[in-house]
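Following are the structures in question.
What follows is a pair of complexes built around chain A, which joins chain B in one and chain C in the other.
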Partner chain A sequence: MTAPQPATRLPQPPPPPRRPAPPRPATAAVRPSARRRSPRARGPVAGLLSWLYALVLAAPLYYLVVSALKTNIEIFTHPFALPEHWLWRNFSTAWRTADLGQALLNSALISAVAIVLTLGLALPAAYALARLDNRLARLITGTFSVGFLIPPFAALIPTVVLSIKMNLFYTREFQMLFLPAGALPLSVLLLTQFMRTVPPALVESAALDGAGNWRLLVNVFIPIAMPGVVSVTILQLLAFWNEYLFSLTITGTAPDIRTAQVALPTLVSDATDFGVLTAGTVLTLLPVYVAYSLSSRRMQEALTAGAVKG
Partner chain B sequence: MSSTSIPAGGRAAPPTAARRPGRGRRGGLNSPRLLWLTVPSLVWFAVFSVGPLVAMFVIATLRWKGLIYDPTFIGTRNIRHVFADPTFHDAVRNSLVQVAVVIPVMIPLAFMLGYHLSTKPRGYRVLSVLYFSPGLISISVTGMIFYGVLSPEGGANGLLRAVGLDSLGTSWLADPSTALPSLIAIDLWRGIGWTAVLFAARLASVPADVIEAARIDGAGRLRIMWQIAFPMVKTYVRTLTMLQFLWTLFTSAALILLLTKGGPGTSSTTLSYLVYEKAFGQSDLGYSQVVGVVLLLLGVAGMLLIRALLRSPRERTR
Partner chain C sequence: MNHRTRPRAVRAVAVFIVSALALGLTACGTSGHAAGGGNSIDVVTRWSAGNSAAGAQSSVFKAFTAQTGIKVNATDGLETIDDQVETAVAAGKSPDLVIVNLFDKTLGWLDAGVTVPVDGYLKEWGLQDRIKPAALDEWRVGGKPDGTLQGLPFSGFSWPVWYNTDLLKKAGVPKIPTTTDELVADAGKLRAAGIQPLVVGGNDWTGQKLFYQIAQSYTDAATMEKVMKNGGYCATPSVMDGIKLFTRLRDAGVFADDSAGLTADSMYASFYSGKAAIMSAGSWAYTEATKSGTGIEKHTTLAGLPVPGGSTYRKPTAFQGFTGVGFMITKRGAQPDRIDKVRRLITAFYANASVGHFVKDASILPPTSGDFGSYATDPLLAQSLHLDTAVDYPVVPDVWIGSASDRIIQVLTGAYGKSTAQKICAGLDSATKG
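Presenting the complex of A and B:
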């Protein structure tokens, strides 16, 4: 651990705002409404500014969606108007041109394998770290806390070299193996916190019943830490799905293996059809927004718990 | 901060308590041998994260003109080469400008917006969904959105035209005086709201009666925000500031690659992009990794600075 040395004395990663200590951690996070309406005063200026910023956030998103249904000319002449003719074929053109079907499939495959691997590696580690509190355990926790601060981009080029040495350059497999490594520090730390909420009495009685470590993990710790497992899964799936630079350089742009994030920018050319480009952007974004609309609370909790994103 | 108790062992009870009944079975369920379970994840982390990080320092000493060639050791020659290169100086300057604008603007604004959100103003659900959404959007999608918005015939210029300010319009990404500011604006666009949501979540745990008491004592809004609420979550602010700093410094390469390719000229080349460009554009891996090491050192220095600036003398828990 060369560079981030001084970080060892840093605080732990941002605590999950919904501290897992209480019996049912699934509650707190972005749902402060449980508390009675806060007495904090607020002024008209703050309200105005907050909506102004909301507008600034929303404008490009609105522009994105309306442009997806227009021709170039219409985009240029009436950028913010609703489309005159709804040009749905932009979507099919984008889908075909960038081969988005295959790309989305590749993204899904890589994300799925990577998340299974992440949980497979992180759960046993978190179990051990939650059960033990000796010097070595603290050292391992400390290692992960430092690792959590390493920005993944830092070692892009050596990672490419590694993929070549492993004969996995320009394959999806390398990303499947590599992505979990970056996800491990945060996953282990979060899962450990959740697993520490398992009541000692429960462990004791399970142990008296003759449960070994494996059964303790599967039947006691994982069920109780389930909210944490769900958070980690959502958080890391999103990170894997959205990963761009490593996918671009290591998996590459070959249409049969590239991910959706890599496929999308191929719609840019010297004569970009902005309608098609924005339609493709909407298509790439759609899976994430569908997931978000299905479980916005869970997702918001997961991401605030992680407090980092890619 | 509940999490700081990980090593301190706020909940040291389980291990000790469970030790007695567990005796007899393979040295007990709590035998330190349990830590073998952490080995796979540590190995994984060492191979794919620590290994490449260490390798950076090695590659920085090599003459390596492209991945297909064999490297030769040339010691510190790369370093001298890099430090004499005007492009590198531009990249340092651009990176410093980027960080020096983004962080001081983003963190206070995000804190104030987060505080505002945590007071649950009217419509705060809509606000928090909107603020949150850049967190869902990948860098390549962000790039494509702004490729459209900032193109000469795009939304930004369309908006200026609509309000009669045509003269301010420009090809934002192709103009040396606006390329870097555009990238900084995108950083702020996606970062402020997201960070505000995180602050709001954190501020929700500040006990309401403390704020109430301050208000009864006649403290104004701003005073409550900065002198009561802020100190109570200062450690969290510090952590988020460090993370945002690292992300801004390190990850700008992707957006630049998508939008400006570092240009025009070197006007939007940051250190992060230079690492990428030298390795893949100009096939000079030694150069690239010297810049990578510089970036890493800057990252560490910046973190230490932020830690010193946001030091809280008595760290309040909770």
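Presenting the complex of A and C:
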């Protein structure tokens, strides 16, 4: 069979009109002032609000970064001011004290294996659910949705008991297996929606060429649903990387196996150096920030595509 | 052929996953080292990496391993060290030794079978004559000399009141106050000079300790211990007098503005930066004060909290205790094949050089008899060692309030706000009963 051509990929939304017509609410006729307001007049207000929103989002990030370069006194007495002396050594102190190198490796390993397992299980499941449109498929989809109803905290004690019974308590391997289990409901539901956008004609054409389920999944469904795969990867990567409660309780705090999120609190004491602590926090955020930055455009495309297809 | 099915973003994610797998799989199959057997000892320690005592602890571990060949598998205990250890015991991965403070849940470990009594080991290991009897009593059940010994005390603390003498002079305060009337008058002078008086973390444990220090001004130790343990704040007139004294001081502006919302960290920052003239803080902060780089240690005098007329205490008060950090031996650690390793490690900590290292690095109050003055290089610690003649020591609440501690802090946050004495005592009674 031939590889899927670009023409068969996701239908792109039409380019936005250069001058979009303002929406016309039904009440516009009785509100002359609203009718007079042109898009150009609304522009500065919308722009201002956008900048304000961006500022609100950026403020905590700025606070985190400048705090990483300050002393405790500066953090508490002038929280938003620039550092008087830029304490770059806070980063090396955090790295060395909390043994962040090993912890970041552990986090990367657990997240990577968990992502591979999540996708390995969710993709075939989503493929099957997307191709079947019968009562059983709907029942299974509903069953996956039930997964959202279980609060993680409620699952903590049974999960600890399970890890003990499996003889995987205080190991990274249990997290590698457990995290995908928690991530499957959202992953399967998202991927199913993306895979339902595959044109039936393309599937029939590939089937006529002799493609079986495996080839259909690998060569047709996954490429077309790639924005969805990237979205799921990013969303779950963030969730896996930031997971704390189960990592602390089940994986534990031993320096050779603990994750970055568990290593960070070792910097807390009766007299915590918050500059060092925030420097450590910045270091643990960097890998996911880089991964997200590289993939964010693809994820936005996916979300936009999903929105226009309905 | 590139159909953009593998764009840059996807390749980046793939590279990340593959790299992580490649880097990590070499170590795959490993597990945490708790419950490791053989020639090793498993320790969970409250002195995590960020603690000022972590360096001295690490030195003891390294010297121990070099001397005995026994590897120390040390795991950091975080804020939830009690839960960590209990979960590990339930999972059959109990450590041999826990280095922890005596508080809340750890007070129940002996009854729960997590740890074993150490009375026998104290004599057998030759520590009875070395560790101060007062320190041992604090680690006995009920805090009494005839109680079962729950663990071996190591890190003691003094908890004086810090006075910034430069700021006092600037505000026209000629000497450190010794009575509450003087304190109220001095607070007025400080405020007039634009200086915050007594800063305290009303939202956490620092506020809790200062409250109890004031509240027991008119009560003897035995009665206070009983009230802290069983309740009866409203029904005990002398305790009510102490609570009323607290509200009088609060309403007179003795505490810094917005104390109800402050925490220990904001308290330290405010004092070190010269915004507030007085704070109550423990010896663990001496090292950090010097490290703050503000020179605060050069113009700080350590003394006691002023007492009111008619107080049970003749001199200003400061806390002192040995419930800081000590050694608790688990059932696993007490097994015949493991107890000797535990003995060797614990006795290594009590060697004079080791204790001295902790005194120097972490400003601990030494648990053993002996002269550690030469190790007290920190100026604040040096002052602290001579506090005995200047202060009286009231009851440290930790052991007595036990697991009600967090509930009590919630009540006392209101006390640093606007709560009346009646509301405070009712809240404390309710919090004590749980």
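Going forward, the second predicted complex is superposed on the first by the 219 of 310 C-alpha atoms of A that agree within 3 Å, B and C clash if a C-alpha of one lies under 4 Å from a C-alpha of the other, contacts with A are read in each partner's own complex, and residues count from 1 in each chain.
Here, contacts are C-beta pairs under 8 Å (C-beta built on N, C-alpha and C of every residue); 3 or more make two chains touch, one makes a residue touch a chain.
Quick caveat, the model's predicted, so the values are computed rather than measured.
Using the contact criterion defined above for the overlaid structures, shared-chain residue A:E173 touches chain C, although it does not reach chain B.
In the superposed pair of complexes, A:S111 makes contact with chain C only, with no contact to chain B.
Contact with chain B, but none with chain C, is seen for A:A137 once the two complexes are overlaid on the shared chain.
Contacts of A:L149 after superposition: chain B is touched, whereas chain C is not reached. By the touch criterion defined above, A:D256 reaches chain C but does not reach chain B. Looking at the shared chain after the overlay, A:N90 reaches neither chain B nor chain C.
Residue contacts after overlaying the shared chain place A:S231 against neither chain B nor chain C. Shared-chain residue A:V268: touches chain B and chain C both. Residue contacts after overlaying the shared chain place A:V160 against chain B and chain C alike.
If you count the residues of chain A touched by chain B and by chain C, you find the higher number for B.
Of the residues of chain A, those at positions 3-6, 75-76, 160, 164, 249, 262, 265, 267-268, 272, 274, 277, 296 touch chain B in one of the two structures and chain C in the other.
Taken in their complex, chain C has these residues touching chain A: 1, 3-5, 7-10, 12-13, 16-21, 23-25, 27-35, 48-52, 73, 75-80, 83-84, 87-88, 90-93, 264-266, 268-270, 272-273, 275, 282, 284-285, 287-288, 292-294. Chain A makes touch with chain C in their complex at residues 3-6, 9, 71-73, 75-77, 97-99, 105-106, 108-109, 111-113, 115-116, 160, 163-164, 168-173, 223, 226, 229-230, 233-234, 237, 248-249, 251-257, 262, 265-274, 276-277, 287, 291, 294-298.
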